[in-house]
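What follows is a single structure, written as C-alpha cells, with notes after it.
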C-alpha cells in the first residue's frame, strides 16, 4: 500500500489519528488506542506489518512518545506509530509483546531509560540500570555525580 | 657401554653394594627411597618437558613461535612458570570443604605416580615387575577420577561440580574400551606382565604382527586414552569455553600446578603403555629377516626407543588437541557406547579367533 | 545389513573428515617458516607504521621553539569528549606593542582521547598532528595529562 | 548488587533447580554478557539475560555532542563493524542535510564496509572455533584479519575503530597503496578460504555440534526481529543492502545468501558464503573507484532541520537502524540505535532452551553477539 492508502486504512480503524509524512508515514495516536491499532495492523492481511524493527521512546518535555517502526515483509510498506502519553508522572502504554516478540526486550529498555510502564508486559524490570536509578533519557534527568559537564 | 643397553647390570650392582653394606631389610628400604626420588625427579622433568613441548607444538601448528624469551629458545619458560606458581597464594574458598579441597590434588598426583611402577623404561629398568602389570595400571588409573570428583565437589562451585560429574561419566565409560583394547594385546602376548609383553615383541611390534585387529585396538586405545586424560577434544571436565575451568576452577598456585602436572604425567603413562603394548616398548624396530637393518637398529639404546615412541604418541595426542573442536557431553558418551565399545568387543572376538588359529606372526 | 554398512560408512567418513583437518595442522607443523606473529618488543626498530597512524596528539615545534597554534579553539570544539583544553595568557606583541591573546597551555588529556583525528582536521594552521608513538602505558594517571606546547614557546611568525 | 526480583526469583526456585551464572566474566560470552541459566542435569531449561555491565548510555552522550562528533561514539558500539556504525550515523546526518555525497566517497565506503564485514566474519570464525574448543581456527582467522587491519591502518589511521566517515563523505582519500594491498589481500584470502573449510566446516565433530542445534523458525525469526546472518540462516531475506540499497549498493552485483535449515550450521554457512560475496563486491569495485572529490562541502557547524530521520545499514551482524530526532539545533534531540545484537539476543532463549550447555555456547557463538552493541 502507498502512504495514501495506508492513511485511509488506518483512519478506517481509528479515526482520531494525526498523520505526518517524513521519511516514513508517521501516525500519532493516543496511548490507549495504540494496542488495538497495532493488533489490527499485524493481523489484517492487507497491512500485515510483521516486523517491528525499532521501538524507541522520545521525551518532548510536555508529552512522551513511544515510537514503533513497522514494516511488512510481504507488502514492503512501512509505517511509524507514535503513542502519545501526556501523563509524565505515571506514563503507561499497553505492551505489544504478544504481537511482536522482539518488543519484550525493547520495551524493557524503554521502561529502563524513560520510565514508561508497559501494562501486561510479562517481565517488566529494569534492563541496564538498578532499581534506584532515575530515568536518564528523560529531559528533566539530573545527575551531578555521573554526568560531567564539559 | 653395556650399561646403556642393559640396565640390569647397573641395578644389580647397586643392589649388591647395598647388600654388602647393610641387611636385606635396609637394602629394600634404601632402594625404595632411591626409586622414589628417581620417580619424583622423572615426574617433574617430564612435566616441564611436556609443558614446553605442548606449547611449542601448539605454536608451530598455529604458525606462531611459542615461548622464546626465557632461556635459549624459551626452554626455561616452564621452569619460570613453575616458580611463579610456587610463589602464588594457595587460595582456599571460604565455602569449600577445607580437608577434601586440599586432599584432592594429592590424590590425583599420587595416582599418576603409582601408575609409573610397572612401566619398563628400558631393558632391566623397571620399578616393579608385577605379573599383572596391565591389570594394575588400568585399576590404578581409574582412581584418579575420585580425585577429580573430590576436587569438583569440595570446591563448592557449580562449574566445578558440573566438570567433575562430566569427568566421572567420561572416565567410567572410556575405561571400558581402553581396557578392551588392552585385552587384545594381552591375548596376543598371552601375558599380563608388561615385561613379558615387551619380550614377546622381539621379532616385531604387535601393531605389525597382529594384523588389522591390532591396528583397530591401537586406534581405539589412543582415542580412549585421550578421553581418559581429559584432553581436547574430550576435555569435558575442563571445557574452558563452557565451564571456565571445570573441576579446577577454584584451585590456585601449587595445588593447581599439581593437577596440571598430574595431567601431563598421566599423558606420559598412557602413551608409555600405548608404546609398550603396541609399539614394542624399548624393543628396537625389527623386520623379520632383514638382519643388517635389525643390527643397525640394535645400536640405538633401548631407553631411546622407549622415550622416542612415547614422545611420538604424546605428539599425536597434542596434534589431536590442537586440531579438533570439543565434543558435546552426550556425543562423547554416544561415541563410547555406540561406536568404540561395540567395535572393541567385536575386535576382541576377532583377536581371540586370530590367537586360537595362530594367524598372527 | 544396510544398517551395518551405514554404520561402518559413518566411521570411515568421520575419520576421513578428521584426517582432513589434521593434515592442515600437520602441514603447518612442518612448515615453521610460515610464522605470522611479530616479535614485538624486539622488532621496535624495524616496526613500520602507516603514515596516517594515530598515536597521540603532538604539537611540533621548530628549532626556535615556535609552534603554529594560535589558540583558535577549533580543536577544542571539534573534540567529541573534551580531551583538549586551551588556556590563555596575554602577551605584548613585539612589533605593534599591543596586548594580544596567546596560548598559555595546550592541555591534552591522553586518557580521554579516542584518537578520532577530528582535532587534526579542524585545525586551520596545522599546529597539531598525530605522532606514531603508541606505547602510552604509565604507572601514574597524572602523566597522561600532557601540556603540548613547550615552556617558553611562542607563536611562529606569519601564522595568524 | 543483587536486585530485589532476583532474590525473589532465587527463593522461589525449587530445591532441585540448578541455577548457574554464565558470565559476566566467562570465556564464551565474548565480553560481559551475563546469563542466568537454570539447569536440569546438563540440559538448559531457562535462560535469562542480565544486561548493563557495559552500558555507557551512548544515546545520552549523543544528545550532548554535535552532529560531527557523535559519529565517533558509535564505533564503540559494535566495535567489529565500526565502519558500518559510523556510516549509518553519517548517513542519517546526510539525510537531514539532504546532502548528496560524491560517487568516490560512496565507493570507498562500500569497499571499507565490505572489508570490515570480512574482518568481522573472520574474527567470528576464529572465535567460533575457540568456543567449540578448537584453538587453531583462532589463529587462522586472525592471520587473514591482520592483513585487513593493516590496510585500515594505512588508509584510515587506526585498525579497529577506524573513524573514517564524516558527514558528507570520508575523512581523507585512500592511501596510494590501498588498491595494491587489497589485491594482495584478496589473492591471499582466496587461497586461504579452503583452509577454513578444511579445518572446521567438514569436521565431523563440528558438524555434530552445530547441525540441528538451535533451530529458529522463520516466523519466530521475524517476530523476534532478528536480522543479518542469524535471520538469513532461517531463510528470511533481510539484507538491507538489497531491501533498501544505500550508498551505491544498488549498482553492485551480489547475491543475498540464504540458508533454510535454521540451525547453527545454517548460520555458519551463511557467514562463510557471505565472505565470498564480500570478496565478489570488493573485486567489482576495487579497480573502478571513480575519480573526484571524496567529501562533499559542508558547513563548519552542522544544523539539521526539525524532523525525524532514520537510516538503516547492514552491519556484519544484521540491521543497524539509527533514529534521529532533531529539534533544529546543532545537537541531536534524541538518538536511538536499533542495534542488531539486541534483537538477536532476544531469540537466544528460544533457541537455546532444551539444549545442553555445550549447545548454549554454540548458539551464542553462532548468534555472534557483541556485548557493547547490546548494552550501548
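By letter and in written order, the chains are A, B, C and D; residue numbering begins at 1 in each of them.
By our rule, a contact is a pair of C-beta atoms (placed from the backbone, for glycine too) under 8 Å apart; a residue touches a chain by one contact, two chains touch by 3 or more.
Note that the structure is a prediction, hence the values are computed from the model and not measured.
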Remotest chain, chain A as reference, centres from CA atoms: B
Chain pair, B-C or C-D, that carries the greater number of C-beta contacts: C-D
Centre distance in Å when chain B and chain C are each reduced to the mean of their C-alpha atoms: 50
Chain A-chain B separation of Cα centroids, rounded to whole Å: 64
Rounded Å distance, chain A centre to chain D centre (Cα mean): 25
Per-residue overlap in chain C, given as positions that touch at least 2 other chains: 18, 21, 24-25, 36
Overlap residues in chain B, where contacts from two or more other chains coincide: 61-64, 322-324
Of chain D, residues touching chain C in the complex: 65, 68-70, 72-73, 75-76, 136, 139, 143, 146, 150, 153-158, 161, 163, 166, 171-172, 175, 195, 198-200, 202-205, 207
Touch list for chain D against partner chain B, complex: 18, 20, 26-28, 42, 129-136, 138-140, 143, 199-200, 203, 205-206, 208-209, 356-361
In the complex, chain C residues that touch chain D: 13-14, 17-18, 20-21, 23-25, 36, 49-54, 78-80, 114-118, 121, 130
Sites on chain B touched by chain D in the complex: 58, 61-64, 158-159, 162, 166, 232-233, 235, 239-244, 322-331
Complex contacts: residues of chain C adjacent to chain B: 11, 18, 21-22, 24-26, 28-29, 32, 34-37, 39
